[in-house]
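Note that the chains are named A, B, C, D, E and F in the order they appear, and that numbering of residues resets to 1 at the start of each chain.
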Amino acid sequence: MATVKLLTDDELAPAAAAVFADIRATRGTDYINNFWRALAHDPVLLARTWASLKQVMGAGHLEPKVKEMVYLAVSIAHGCDYCIHSHTAAARAKGLSEPELMELMAIVGMAAETNRLVAGLGVPVDEVFKR
Amino acid sequence: MATVKLLTDDELAPAAAAVFADIRATRGTDYINNFWRALAHDPVLLARTWASLKQVMGAGHLEPKVKEMVYLAVSIAHGCDYCIHSHTAAARAKGLSEPELMELMAIVGMAAETNRLVAGLGVPVDEVFKR
Amino acid sequence: MATVKLLTDDELAPAAAAVFADIRATRGTDYINNFWRALAHDPVLLARTWASLKQVMGAGHLEPKVKEMVYLAVSIAHGCDYCIHSHTAAARAKGLSEPELMELMAIVGMAAETNRLVAGLGVPVDEVFKR
Amino acid sequence: MATVKLLTDDELAPAAAAVFADIRATRGTDYINNFWRALAHDPVLLARTWASLKQVMGAGHLEPKVKEMVYLAVSIAHGCDYCIHSHTAAARAKGLSEPELMELMAIVGMAAETNRLVAGLGVPVDEVFKR
Amino acid sequence: MATVKLLTDDELAPAAAAVFADIRATRGTDYINNFWRALAHDPVLLARTWASLKQVMGAGHLEPKVKEMVYLAVSIAHGCDYCIHSHTAAARAKGLSEPELMELMAIVGMAAETNRLVAGLGVPVDEVFKR
Amino acid sequence: MATVKLLTDDELAPAAAAVFADIRATRGTDYINNFWRALAHDPVLLARTWASLKQVMGAGHLEPKVKEMVYLAVSIAHGCDYCIHSHTAAARAKGLSEPELMELMAIVGMAAETNRLVAGLGVPVDEVFKR
């Protein structure tokens, strides 16, 4: 029940089709997931989001698996069901094992608990944590 | 401006003092940060939270540095300033470099952006992401 | 799968029926959406919420379309799927075009990204922004 | 560092002054807290918010202390520091003891933890929970 | 559409089976809800979460019904649909009436509204609210 | 109390200095706000964020003032104090009047209230809202 139509390949503007082609080439698969088919209504937004994602999740200082774990943790905190499903799949594809996934869950839960305890008690930042 | 008094060592119930002793022994430092001094009003909550944290953040499948990154990512998503400061410090202490910290920021920001795009467009979960 | 029954017209207390009548008269349609059918269990809450909504979203300083955009932006940030669907429909009914909708998405996503970067880096408010 | 001036009694429009008078009469104190001094820029918003608050937090089915606990729990989940401080004070004024406050913290933390575990694991609602 | 398989009784590790047995004994029912069947992939996380929940939601200073109300309020603020369904059911089982449930909704909504007004206006904490 | 040093002009890498020069040229002011001074630790992140912001907030289908209102609404929902201050200032600079600002607050508050009521009651999306 998207609020916009998920565009098929036949319905794409040329600029959006070019992004889809790059997604396919980069990922080595013909499959384009729903997120991009919704974004395709705005080729500029589509192109910018894909370019940013390629850069941010591409080669850098952190391992691909770790990057996906961070992405997943944020998506859980924001309660984004789609993102949780897609990035759990991506993390598994990059080597995340089931025990590691469950350990990530435990950390996310623990962080959520202490985040709220800290807020509720109004705990001030220790001087030693200030830079 | 905590909503409860941050307890000094002299003000602790014996059960809370025992937890503080274990925090000191485990961390190898005499310093007890404000979070625990606020929680100490409820020795049962203090003991349970510390025991959970030791277990969750202790030896497991993921590296300590990666665990802190996940914790930090959640804390940023929840906007917990105290937790951001304390876990940025903890992550650095466990080896997170400045370029890695900035890369984590980029991922957290990117995840936040796409989480909201997905919500706004009501993107349905692809069948391929379902288990 | 509401947690309360969605009340039919036959099941309304008189005070709730009066609110439904005003919703119908104000909107010029017989259709009452599910939100009001859930709220109708508490006629006082129903009446207050409807009165507030009429006032807040009624004639004022901002255009109706802009008001719906602000409402939609908040609903996306809160991840309220029902609200996103109903206020996207309302915004379209008040003249929001598809390119404008996609531009709103881009802004919401960008704001989410920078909101989290700011939190993660603990950026202090500039003096020039203080009033 | 409010984004609007906190209005003094001398700066109020007559409609705002009338609300302040009712707040003082209802609460039996001359003190008006900062929230109302910020809202006073918009006497209609001020009047509506105060009228809603009086109704919602006034006599009803739940005890005043319990109402404040629910208000506080939401404020913690939203990370609203001002609201946490003001409603912790209000809850104490209505009889919340320190052990009860700490118990509330434990529940809020536990809920936050399981909320995120549920989201992360994508747990579907059990049929038995559907009405 | 959980991101992990919901484990049946036949698929449990012994440590997980022991927790399920305790859940059944404590609750006096054979039914195990989906949350525990997802957590069961990690018996340590399962055991810790169940032990914490038993302690936090068990006998203490606050009534069981009030505890469920606080849990529910947090779950609503976090938008956790599963948790809203399960804790609304739990609150009803512990005596929450429909009028009380609707009153809780009104408080949660009111808190959400004022939480955001406070944030938007940047209202500083009054000295009288500081401890 | 940023978690990274706010870089002065003298401390910038050349790629970051180039971005600062473009911010100054685009905005017609020498002042660089703290957000950019924190991001400057990662010139690639800085450059991408600035380029995205210029594109998203630049000429398009919506008025600059409306764009800032949407940005501000999201920032309030996320509780980002820095962003609330900077985008309230930006909105005022683009013509937002005080009565418009207060009207925006009323809408944000109302949306927050109904978002949570919808979540709490589990209201299902009406067929008429589906596209």
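Things to note:
Note that contacts are C-beta pairs under 8 Å (C-beta built on N, C-alpha and C of every residue); 3 or more make two chains touch, one makes a residue touch a chain.
For clarity, every value in this text was computed on a predicted model and none was experimentally measured.
Touching chain C and chain D at once are the following chains: A, B, E, F. Both chain C and chain E are touched by A, B, D, F. In this assembly, the chain whose C-alpha centre lies farthest from chain D is A. Among the other chains, the CA centroid farthest from that of chain F is the one of E. Between chain E and chain F, the centres computed from C-alpha atoms are 34 Å apart. Centre-to-centre, using mean CA coordinates, chain D is 21 Å away from chain E. For the pair chain A and chain E, the distance between C-alpha centroids works out to 27 Å. In chain F, the residues that touch at least two other chains are 1-4, 49, 52, 74, 76-81, 84-85, 88, 99, 103-106, 108-110, 112-117, 119-122, 125, 130. Taken as a graph of touching chains, this assembly is complete, with every chain in contact with every other. Residues of chain D touching chain B in their complex: 79, 84-85, 88, 98-99, 101-103, 105-106, 109, 116. The touching residues of chain A, counted against chain F in their complex, run 1-5, 44, 48, 52, 55, 125, 130-131. Residue ranges on chain F touching chain B, taken from their complex, read 1, 3-4, 41-42, 45, 49, 74, 78-80.
Residue ranges of chain D in contact with chain A, taken from their complex: 72, 76-77, 79, 81, 84-85, 104-105, 108-110, 112-117, 119-122. Chain A meets chain B in the complex at residues 1-4, 6, 31, 33-35, 38-39, 49, 52-53, 56-57, 60-62, 66-67, 69-71, 73-78, 80-83, 85-89, 97, 99-100, 103-104, 106-108, 110-126, 128-130.
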